[in-house]
């Protein structure tokens, strides 16, 4: 009888059952000999016991090369989170053909739906008129719609075209919007193959009626949407900030919206919770969402399923096909940044 | 030189320029000799002067048979409104091959986008968390998302499948929802040809996570969604009332939502404005929109363009192809109702 | 107990069971008291017996006003054929609110698939290389593909935009082709609402890589695609003749293709069968299909189902929603033509 | 002034200009110092001169580790072919983070269109009736269509779900076919995310009206579609062989089709050219295409553009995003096969 391969399950700070349903766990344990630890990170003595036999690790375990050297059978590290953490020796993993994967794309469908909901909410001022109605100050019909406009046939801009952009794109298809995309990380042909137009940032900002900010934060793009960029946005456009607050000058963003330059929605904030007296809380022109776009129960379960499926694929010597792979080029960039 | 055919433009209570842009007016006057009257309904003496020569009437003019008999050249009556009014002798028009048209479908795209915006807003509780944020009581991330769910892959029900349903259907396509439709006016094959399933009302109500109420009001369906029907709706479903308040027991609707039976959004109300102390104003579970789904500037201009295009088609002895035609079967029904 | 309404089923020259499946017949007879006649047209004495009670007639029965006057309950005449025949007093029907319907749109899906098959077959020269292979003269790979091209992203032209065009349009959607449409019967807005561009005939002919001829023949458009028009077509374009041979100068069409001006496919012919020595039979540049695009078993059954559904709708005082309605404007035109 | 990075262009046996248009060459040379060789493989003395400085190699150059060791700056090897060749030390490349890419997906759109053309051609017997017409033995209308059927709403099976399957999938979308996919290389979730159903081979074969064979040949799947598998196919199904003849028992395939078990189309053959007396040449039930699905001029130019774009991306330290990456799992499998 063959022994099952070993999998280390060390999901802290996530509770196991947030992501992994009982069905998924059954699939996992029927393929792997699962060594799990809950409530806190797996302690060193326990980890060191299992590393020599481990084929796959699911979790955010610290994995410097000193530890990785004791894991000669390791073929995959699956981070049950949306980002690549800086606690792994990626170079070691690349040299040794160990897949490093994250689940960021597991949130993409939830974020894409929310982004579309924000876009229509801004173009039609849905939450604002709901508030007016509750306050008893509503007006009706055409008089209440003078500054409403359709999404259909509008110009759309994407800033960033990773998993969020790819999930949002089909949701926009029935609206027949011409879409410009700014993503310096991609060849224009990739963007054009998706029926969009690759464009410089200033062009996307100045010509789009609906702007979706979808770029992940990297060491290089922090704060790249400053006040100067935001001032290029057309009067009365709708701007949806979906990815990370760190890429934008958040105070300028709120300030421009409050001044009526554009309409804004944001799911992310530089501080969470935000200060009680931050001006974003009091302007009608900003739709506020306390980081609720991605983390819904269905997304967590999808992520758990992706982890289990890719873990099993790796266990079968097949390439993982669901989670996102660390790219050597981004890891290098991250590393050089740390070295500075 | 041939004379232009005569068109009577009597759009009261709509101001002409709400619907008819300068470009559309130029097209209209280059084809027709336009006899227009603004600010009030065209008076009888003026109307009687033009009827004998009129080929087309745009407006909501009273047209009993006594008047129609003086319009031997008349080929079309184009109502710049969403409904067929009861001030026309439809039977006379049918007997004499006079098209009677309305523009209800001109609002459909605007209503469909709003309906989708409402659906996502309810499933994700967008306006409610925006209000919490303004009140400083927001919570963040997974804790704030426990009762959020996707539209993707959810069961959807349509009540009514006229122009609103047809406009909404493509917007839902990328969400891959199975859709059940209740519309007793249509053959099931029409519904199935659109990739939906024809179903009885009780089935649509009891099995759909998202229910779109899209039925026009007729003499027969007034109040057909009573408390008994509303109580069939699944716990925590999202119900969007988009068409007319008269088809529903509105107080029961608000009451059920307030009690937590389902989440609701409504664009229409039995009285507009609603009473200041109506309970709909104070429950978190109802999204309120003061009749703002259809009447946006882009819809008005589209309607004007449709009127002009169909008027010109009729003037050229071509069938009108944009506006909605009065159906003999509905006119008969309306007539028998009046006779009661 | 209420009596069932009477339906006359007189489908000659179609055998009943070509269109009406046993299931459809069961639905028909459970609603109607069906008076049927097979193998020949229903004779006058039989017809006169049933007309006074008939609500619906399915078939191609001769119905001049002398007969119609004896059918005071008649509400619908459903022709189980693709065209409106000239053996009915349409004016009488319009005056008396009797629906006259045909099933032309029941063939549309079958014709649309065939049209797409022809288009790819021409662009890639599929049947021609199959013949070469059978003859042992095939060549392989790049050398055999020098004059092959994609449908994707090509310019497309439609001549006519009725039920065939509407069925073909979604099949072309994934190819992302810009589509120009010539249809003088329709307002440009109808064409533009479908994402196409309305264009003059000469423009469609001279700028389209793939041209689909989809126009029904009317009294007015006979032979409107003459040699002069055909000579406007771009070198090496693909031209698919799907509707009726009478709208084209067929000999010029074959001659232009044989001379290498364009590639052609045709499903229709001025004479069927065509003369054994017609030049169309010997040129590699014409794909020949002996009127096989529409009349497949699935289309016949769909048509039977449409007839039954619309007959029942009419019997219930609902408007028919599946078959195509006779338009007063076309009937008038037809009538004036006959009067000449 | 910075020097341009060095790129070795060694495309033999492809002529450079088959793939790389003048515009693409201009882009390439404006970024790289291009060292090219044409008409034959770059000779060793020339290669050894450039390897120490090379950042990217485009071509099918032999690259054992002895050579790769002299290329310390190398970051990408871009094969201007559809397959990964066995003349590279892949393990060395993986250890040293050198991308190895091929262009197989550049042919996918052309093959997908051809596959759809074949499917409709078989379901409707297009080439067969064209031949009958040329022979003067055609029949017309319903009599000629008794065994014709639609693609719409038919059951479809894919064998293999790589770049061909992904390109074909959107082309089938408007036909609303339920699609089963057999691909043991992929997690079922990948297949289900695309709206298809993952299924075992026997199920795909026995339940699909249209079967598309799209699997690349690997060391493991050679001949996996033997006579036993082929005999599971439904009577009168349509089977399109698009990828490689080596995965099928070709003689059994032709034999089953000739016996009327199913209808077949094939673009690939075990020998090219095929023997003049092979039975495939004489049966009406096999559509023959001499390896013409992929290699059309538009595909070659797309491939050239992809190479140039990905070369430049690599030169900029960005990840390549257009071509297909060698997967460590397949390379390992290939290597173990060679070692046997």
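Order of writing sets the chain letters: A, B, C and D. Residues in each chain are counted from 1.
Methods note: contacts are C-beta pairs under 8 Å (C-beta built on N, C-alpha and C of every residue); 3 or more make two chains touch, one makes a residue touch a chain.
Since the model is a prediction, treat every value here as computed from it, not as a measurement.
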Partner chains that chain C and chain D have in common: none
Centroid comparison with chain D (C-alpha atoms), farthest chain: B
Between chain D and chain A, distance of the C-alpha-averaged centres to the nearest whole Å: 33
Geometric centre distance via CA averages, chain C-chain A, whole Å: 50
Inter-centroid spacing, chain B versus chain A (mean Cα positions, whole Å): 38
Those chain pairs that satisfy the touch definition: A-B, A-D, B-C, C-D
Of all residues in chain A, those that touch chain D in their complex: 94-95, 97, 185-190, 193, 305-306, 309-310, 312-313, 317-319, 321-322, 327-330, 332-333
Residues of chain D touching chain C in the complex: 18, 109-110, 113-114, 116-118, 120-121, 123-124, 126-127, 129-134, 136, 138-142, 144-146, 148-152, 170-171, 173-175, 272-273, 276, 281-282, 287-292, 295-298, 300
